[in-house]
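Each chain carries a letter (A, B and C) given by its place in the written order, and its residues are counted from 1.
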Amino acid sequence: MNSLIKSMSPKGDAVDENLTAHPDNVPLAVHDLTVAYHRKPVLWDIDLDIPEGKLVGIVGPNGAGKSTLIKACLDLIPRASGEIGIYGKPYQQQRHLVGYVPQRESVDWDFPISALDVVTMGTYRQLGWFRRVKRAQKERAMEAIEQVGIGHLAHRQISQLSGGQQQRVFLARALAQDAKLYLMDEPFAAVDAATEEAIVQLLQTLNEKGKTVLVVHHDLATVKRYFDWLVLLNMRVVETGPTDEVFTTSNLEKTYGGKLNLLSEAARALQAATR
Amino acid sequence: MNWTSFDTWLVVTAALCAVACALPGCFLVLRKMSMMGDAISHAVLPGIAVAFIISGSRDSLIMFLGAAIVGVLTAVFTQWISRFGHVDRGAAMGIVFTTLFALGLLLIVRAADHVDLDPGCVLYGAIEFTPLDTIEIGPVSFPRAALVLTVVLLLNLAIIALLFKELRLSSFDPSLADTLGYSSQALHYLLMTMVAVTTVAAFEAVGSIIVIAMLIVPPATALLLTHRLIPMILIACVVAVLSALLGHLGALTAPSWFGFEATTSSGMMAFAAGVLFFLAWCFSPSEGQLIVWLRHRKGPRDLIPPPEIS
Amino acid sequence: MNSLLSVTLPGYTTMVVVGSTTLLGVAAGIIGSFLLLRKRSLMGDALSHATLPGIGIAFAVMVAAGGSGKHLGGLLLGAAISGLLGVLVMFLIRNTTRLRDDVAMGLVLSVFFGIGVAILGMVQELPNAAGLEAYIYGKPASIVASDFKLIAGMAIFTSLATTLLYKELTLLCFDENFARSQGWPIGWLDLLLLTLVTAITVVGLQAVGLILIIAMLITPPTAARFWTHNLTTMMLLSAVIGGVSGGLGTFISAWAPRMPAGAVIVLVAAAIFLASMIFAPAKGVLARRFRRRRLRLKVDRQHLLRAIYELLEAEQAPSSIINHSIPVTDLLRKRTWSKVEIERIARLARKRGDLEPPSGQELCLSESGFGEAARITRNHRLWEVYLVTHADIAPSHVDRDADMVEHILEADLVRRLEEALRRSNTWVPVPDSPHRL
């Protein structure tokens, strides 16, 4: 109940004193997280423990704070309260363990660089200040871009790629980061079916290698097929756990509550998925 | 300080100009086009120069036409370059107005033998001489600039009043406006024409620095104080008038603090607008920095929780 | 005789001025590339206007300290400080209010410039104040050898700094959020970029003035962008365009009477920009028009050949299609072409040897045209089948989507399509290979 009233404290005040509570083997532990834009809460009192090696879908209606959750985990936006632990430590100390796939629309695809150059950016953090990109980085980037199946497009300028191919470039960049935990913001948004299939396969490969992957996802019809762990979100965490247990009509009703069209769509999707 | 009717007329002229600018300025700011005022006010130079060279006189009407045409052309060229060349809007704007300004500068220097037109005068105006150039109407003599600016102000007011609904819609949601049949393109050019005409009317009387400042600063100040359009326009007008008054007062008093005798009022008016913006930035009841800080010190600010999940 | 010499062989003074503006153009072209890609071009405008109060104050301070007040280094230092202050105020407004970038820029520009005008108005009374407005419009002729050293030093320094930070600035400009998630200090990088811009702006004040210096920062990179899709090439090209505009502009202005150098430099750059925008092969308007037209012609021709082939196919068994002429009226029924259009496309096809010479109201495929038509039809169907079987696209939409892509199918892609379809054991209703005929 004490969490009903949140204090507005700037980013710096959120001291991670409770982090000892997060064990080292939990890829992502979110505790008591609240985020507000202009004093309007977007995420409220989020508590999450994501187990290692899961393929996690973050599902919820528009404006539920799905992207915000990812951005908060990456320290891209200030939080009003709460801590986030990546393998038991604050994000600043664990950047090397986290790979990030932003939304495709967040950048200007007319930028004068090649697909390979974008993927190489995944290695910049390791390189550090002033050091130039060398063959080792290029090779790692090439490997990553082959892995997403567009090696033959590596030297194309990025505006000459289709939407699905651009999305794969972003995925390859995250692969080049060689992380243990991947956070992906709507990788399936507006991609063609072939790309969607390729992304799913990639997620499963990562999963088999023991990586943990969090994916913001929209399409209820595919939830059951893609993810083995779910976070149902609507400003609060509605439910979280294994997909089989969590993906129920009543939980979806709670998540999408009130929005009738969506509700019926959810019911239909559930039917389709369980058939 | 020695306040005379001269000072009154100066402030009245400047205030008329400031309000005439603040009106279209509100829509510029809402449409994320604030820099267009700056661009147009620089770009009208060749229009003025050509009109001047052709007519050989400072006949207002011809210069007015020339500058207004070039002003609108600035908007058109910017649009073309950014659309056909796929160039970032800001860059397109920068290229267009610097090119036109350079062209104007060149024309003026080339024609310096025949005509007497000082680019400095175009940019800063000569507000100190404005009240001297008067027109007699009945028993009272009005500064000519004040009359011209009154006409422009009324024109701007009339356009905004007539097209208020359309302008509001197309400023907030251009694509919705288009689907409803109000061409946001046409409204854009209308707004640009208003800005160009206002700039030209003002440049000679008060200088374009006042125009640039009053197009942006009062609306921005108002935006810190309210979220709604009509109050925003009203507050912007008040801020504009206050800037003119305080700016001139500042020009009369401030130089002596530093051991100087005088300075230009137009610069001080822009500065005064800046000070008013700073005050709003500190003390705006809803989002002033000082207010927010004080509130925060008094105690943690409550957030309203989202509805429980049932 | 003497005057002729001075025209053909520019004097030492002219060389100094030309050298300065060239170097300035090169440096501005390099750093301007990042400013453009960060979509902050107009921030250069706000920044340059914000330098004016610094010039006035520096002048007054230097006079008060007993100097003449016209020491270039001092004036530029003042300009740099107030320019950077303007940048900080812009960031402050952006980060603490709901106001957007453009408002922050306009605010800083107008208020700082207003203060500058007011201060210049005051210091006008001081002795030796005449000529301060030169910083607004620029007066390259006043550049002397010692100024050249300053300008050259700054230009080289900023160019080196930019190349050193190439990787970081690219990341900042392309994907700010990703960069931040990786721990790069975005705020500091932004400030660094704008500090470099300030340095160039300030040394450029004397040459082109504070209103036109922004053109040297924006125009060359924007022009360069039309020629290439590669960032390094773009920066080099931008440096060249900047250098040429600076040098050539100053040279013209020194050579011809009554040509203000700042304005001529900007006009040269603008001319290069205009030419690039229209003629550049990579992104130029004409090149894009041309490519689009060529694609349309290609699509039209393929449509015609396929339409004829399908008409032939409709009246004969698929295994034994024999080529013969088709009435234009049949084609008109099959596709939504007008008569004029069909004639235009037929002329094109005839030129390529796809059709037999004209025979009134009938069209007849040539031998090579018949093979081509079969190939095109086959590709079209391959693509359709692939879409239906692999992409969950409603069959009713297939034809339109196929129409867009099939025309640019490369041999390699066709092979991969065939393979994919063979793997999935899909029956492909393709016409017989034309080679057997």
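Things to note:
One rule holds for everything that comes next: contacts are C-beta pairs under 8 Å (C-beta built on N, C-alpha and C of every residue); 3 or more make two chains touch, one makes a residue touch a chain.
The shown structure was predicted, so the numbers you read here are calculated from the model rather than taken from an experiment.
Number of steps on the shortest path from subunit A to subunit B, with steps defined by chain touch: 1. Chain pairs B-C and A-C differ in how many C-beta pairs are in contact, and the one with more is B-C. Of all chains, the one whose CA centroid is most distant from that of subunit B is A. With centres set at the average Cα position, the gap from subunit A to subunit B is 45 Å. Inter-chain centre distance (subunit A to subunit C, centres taken as mean C-alpha positions): 33 Å.
Contact with two or more other chains is made by residues 86 of subunit B. Residue numbers of subunit C whose C-beta contacts span two or more other chains: 39, 98, 225. The residues of subunit A lying in touch with subunit C in their complex are 38, 71, 74-76, 92, 95, 98, 100, 102, 106-108, 111-114, 117-118, 121, 124-125, 127, 129-133, 157, 159-160, 173, 192-194. On the subunit C side of its complex with subunit A, the touching residues are 37, 39, 98, 164-168, 170-171, 173-175, 177-178, 180-184, 225, 228-231, 234, 390-393. Contact residues of subunit B toward subunit C in the complex are 29, 32-35, 37-38, 42, 81, 84-88, 90-95, 98-99, 101-103, 105-106, 109-110, 112, 119-120, 123-124, 209, 212-213, 215-217, 220, 223-224, 251, 254-255, 258, 260-264, 266-271, 273-274, 277, 281, 287, 289. Listed in rising order, the residues of subunit C touching subunit B in the complex are 36, 39-42, 44-45, 60, 93, 96-100, 102-103, 105-107, 109-111, 113-123, 125, 133, 136-137, 211-212, 214-215, 218-219, 222, 225-226, 258-260, 262-267, 270, 273, 277, 283, 285. Subunit A meets subunit B in the complex at residues 4-9, 34, 36, 39-41, 44-45, 80, 110, 234-236, 238, 254-255, 257.
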